[in-house]
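Below is a structure I'd like to ask you about.
So that you can tell them apart, the chains are marked A, B and C in the order they are listed, and the count of residues begins at 1 in each.
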Amino acid sequence: MKNSKDSLVPILTPVCIILTAMLLASGLILAIGVNPLTAYGQMLKGALGSLNNLINSLNKAVPICFAAFAVAVSTWAGIFNIGVEGQLVFGAFGSAIAGAYLEGLPPTLHVTLSLLAGMLFGMLFALLPTVLYVARDLNLLVVFILMNSIAKLLITFFIVGPFAVPGQMYAATKEIQKSARLPYLVTNPNKLTAGILIVIVVGLLLWFYVGKTTSGYRLRACGENAEAARYAGIRVKRYQAGALLAGGALAGLAGGIEVLGTYHRLFDGFSPGYGFDGIPIAMLASGNPFGIMVGSFLFGALRVGSTTMQSKAGVSSEIVTFIQGVLVTLIAAQYIIQFTIKKLAEHKPEKGGAKQ
Amino acid sequence: METAVNMKGITMRFPAVVANDNVDFEVKRGEVHALVGENGAGKSTLMNILYGLYVPTEGTIEIWGKPRHFSSAIDAIHAGIGMVHQHFMLIPQLTVADNIVLGEEPRSKMSYLRGQAVEIVEQLCLEYEMTLKPKEIVSKISLGMQQRVEIMKALYRKADIIILDEPTAVLTPQEIDELGRMLKKLKTMGKTIIIITHKMQEVIDFSDRVTVLRRGKIVGTVNTEETTAAEITQMMVGRNVSLGGHKEPVETTGAALEVQHVSYHDGRVKKLKDISFLIRRGEIFGIAGIDNSGQKELSEAIAGVIHPDEGCILLGEQDITKKHTEAIKHMGVGFVPEDRQKSGLALGMSISENLILGYEGTDRFRKNRILIDKNEVLKAAREKIERFDIRPPQVGAIVKTLSGGNQQKVIVAREISHSDSLIIANQPSRGVDIGAIELIHKTLVDARNSGKAVLLISLELDEVMMLSDRIGVMYDGRLMDVLDASKATREQIGLLMAGGMIHEEQ
Amino acid sequence: MSQSMFITVFVSIIRLSVPIILTALGNMYCLQAGIMNLGADGMMISGAFGAAVTAYFTGNPWLGVCVGIICGMLIGAIHSLISVEFGGMQNISGLGLNMMAAGLTSFFCRSTFKTGLSPNVASVQNMPWLAGIPLLGPILTQFSPILLILIIVFAISCYIMGRSVAGLRIVAVGSDPQTVETAGINVWKLKHICVITCGALAGLAGAYLSVGQLNFFMENMTMGKGMLAVIAVTVGRRRPVRTVIVALFFGIFDALQLQIQIIGTSGIAPELIQAIPYLAAILAMTFDFGKKLDDVNMNPYLKNQYKF
């Protein structure tokens, strides 16, 4: 009996955490005088109410998923990667440039190169923190947060300066060539980008890597106990650096997909916050690639639905940031929540018996 | 009131284990009472309950005949109980005086009266005839002096009942004698003393009465005069125990390991100073010495975790001085590290995954260049679980849930199976139950008998003397001397452990 | 530089350093007690919003400051509950609180004021009553009275950490909570007090931002100052004087970038100049050689665990 209860805990805990977050969010909604049920109703409609909306949610889920993969890879190595947002932004920039300024290429090649450019730029942005960590053992968390701030400033500089487009009314990079646009899988009733295919492939690759390969085992050992891995002969710093750079590449890929698939250019102030969605998703899913894909879809739906909630129910979409924050904060207390759930589960068969 | 402490029906349940099961424990006024049992028997837990750090699930406590309820340490302190823990409770960056008065600082409203603290300590030193330097920073004083600071803490808080948990674990033989003298002095001053120990010699030397615990339950209480070490051990374990394996005469052929003039700096501190020795095939070379004499660094240097600044290390004919751990492991060197939880295991992973840690790259466990052969891994895990009696015998059990002894068996199983020429074992029986110690000793001696070389590092002098063929003594990063185990005496080793000096204090 | 420009820069440095120094002093207690606080920005932004909104609706900036402090303390209390009481993951708790506070304040700002920027509110940006002082008068009036509070807090902090029993115990509990527990001191109560004090000071810093330095609330107005404060504490080795010096150092870069933008030096884009404080922080961390002041134990310390 206890065994089956134990295996439920990994699923019950995230569910409890998500429910608590939604409950607290309802508190906020009530505070501004809106009926939470109406608000959530609008959100659900906006996210999943029609095939059109569903496709929107799926599209949004794709870059979120890559960002979550980026966090997950770092977590396997035992590092908390808060820098995904900055790497994502910089990667988006890379894809925007490659998409706009490379000319005369066939579409498949152009798209591939642009995405690779995004991954490269994302990786480059992760390079400085990685080097500082490997060489001087700097606190990565703090450096990443600083880099996130720098990323936004850097992008603004590029957009307003060297990469400015004369005559353009809004602040953004030059629009990408038609050949660089991410192809669509489905166009009716709404456009579903090919990004979803890439996500599934990458997800499978990651699952295979971490579960079945020698290298994946070593990476996990680094995350489980870096000191023991070191004593075992595993080159910990190398694996961690690899994980950080791979995370940068995945984050850059997320940014690139947003540019090539949705916006077709990089707007000033682009910082969608997917890097911060990725953290609770990766942690609630315990790093499992399939769990991450499910979680990303939920978040995609949340984001799409929140714009509807804002226009139809008058609830600011900033509530999504709040929900992100609550999720992450509750995850920090995860073990207590797990403990409480286990305790409650144990209590049930003893009802009517002696006091614990 | 003749009874200082009366604990009745004490039961302590933790989520994973029942540490104390209906224990009755009684201590008379002015006696030195030894509490013994093997690792994991529940002795420390019982005393931590007496000191208020744990609240027992069931049971009552009476101090000097009055029922008491301790919800935290301060209650026990107010009842006149003091405790010196096995791992010293000191703040390294503060002074001796600061550490002694912490919790009951001499103060004027919010200000801390440092000067007064120093005076108080000097006064107490005179009263109890102890030598301490109140203004010295704790991280700079010897372990023996640190222990005196710990005892002084209890005396400062006016403890009448003093508990000492494994007080001799980190002392040289001479320091142990000094401790014995101090205990006698405290006894003449009317203090009641409880010593937790698992060393028979100390029980016989120091105590008036002995209480034995086994697996959380009381076995019995006897007068020390009326019993023998063998009888107490029998009570502790419940059966006859043969530690030390069974050594057979072996042809010790050729040098398996040669260490030549090795030196090593850690930051600004020189941890290894010109160390030279060799270990032959078919020999157990034991290293004795007080903690932090460089043993850890020596084992790490041989295993390739760190690299010496000077000198060289030869494995057989090969120079492994600059080689990385991965390469050295592939050459057949097994390494059981000092701190199993910190350096030897990934606690969140399963037994089978831990059994390949460090060896995941060997041909046996690989299916091809990138994949792990899961079936082989599981098969090998099952073999080892059976051979070493690892409990629970499930390949998928998460190592965090295993007992200390079983965790250690996982590491020993892993390292022994993959070792060829040399096994390094650093504190292999620390915190491990007797059954597991028996197995580990047997494993090491069997390895020796089959022609492997064993480097055994241990703080337990008895273990070193029992298992080794030759004994090297380390002090302050130097190898003081190498002795023949069959001829060496405790006193000789003790002198070398303290740096070859006769007086204990520098 | 002319004398008036020098004075302008000097005033600017002090004004911009106040929030960093206040938050850094708060974080000093927190880190010294062994709790990492990445949620400093969250504490600050809550303080900023609480103060601005209160000042808006009541017209009383000092009431706003009080509310700001309380808001900071609330965030600190949540962090303390998770990190100290439950022994949860401190880094994640701090970051989560940052996100939560950012979302909360933006949400209510937009809901109340329709945009991410509040209208002007009552503030305490000056000290006109100092105008009478010869020579220094005109300079001193440019500072908010909260600067005076800062100086008092600094003086008290030097005393606490250097000479008081509380300071001794905080150092002890950060070094080894086990030792402190066996000495009969309540480890958790001590840590709670330190974290909530941090929240109060960071909340005060935030209130200063919205009603002391400026007179409005803007989304994300802390701009990573909380993180700079944490770095200041680490580089300053958790000692009051050193921490303040490093915080001032960051303040100098902040003032510098503002000044350069105002003057409008040619060539360098404003965004790159705005990045200077962050780069300075990274440089400070990279070139932070020298003895690390005795390791503080940041592991969660749980109650009644099988730990002795």
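FYI, a contact is a pair of C-beta atoms (placed from the backbone, for glycine too) under 8 Å apart; a residue touches a chain by one contact, two chains touch by 3 or more.
Remember, it's a predicted structure, so these values are computed and weren't measured experimentally.
Q: Assign the assembly's chain-to-chain touch graph to one of these shapes: line, ring, star, complete, other.
A: complete
Q: Between A-C and A-B, which chain pair is linked by more C-beta pairs in contact?
A: Of the two interfaces, A-C and A-B, more C-beta pairs touch across A-C.
Q: If you average the CA atoms of subunit B and of subunit C, how far apart do the two points sit, in angstrom?
A: Comparing mean C-alpha positions, subunit C is 44 Å from subunit B.
Q: Report the inter-chain centroid distance for subunit A and subunit C in whole angstrom, where each centroid is the mean of the CA atoms.
A: About 29 Å separates the centre of subunit A from that of subunit C.
Q: If you average the Cα atoms of subunit A and of subunit B to get two centres, how far apart are those centres in Å?
A: Chain centroid spacing, subunit A to subunit B, equals 46 Å.
Q: Going through subunit C residue by residue, note those that touch at least 2 other chains and give them in order.
A: none
Q: Sort out for me which residues of subunit A touch subunit C in the complex.
A: Checking each residue of subunit A against subunit C gives 28, 31-32, 80, 82, 128, 132, 136, 138-139, 141-143, 145-147, 149-150, 153-154, 156-157, 160-161, 276, 279, 283, 315-316, 318-336.
Q: In their shared complex, at which residues does subunit B touch subunit C?
A: Residues 14, 17, 19, 44-45, 48, 51, 53-55, 72-74, 77, 83, 85, 89-94, 98, 102-105, 107, 110-112, 153, 157 of subunit B touch subunit C in their complex.
Q: In their shared complex, at which residues does subunit A touch subunit B?
A: 212-215, 217-218, 220-221, 224-225, 227-235
Q: Under the touch definition given earlier, write down the residues of subunit C that touch subunit B in their complex.
A: 160, 163-169, 171-172, 175-176, 178-186, 294, 304, 306, 308
Q: What does subunit C use to touch subunit A in their complex?
A: 38, 42, 78, 82-83, 86-93, 95-104, 106-108, 110-111, 223-224, 227, 230-231, 234, 269, 271-272, 274-275, 278-279, 281-282, 285-286
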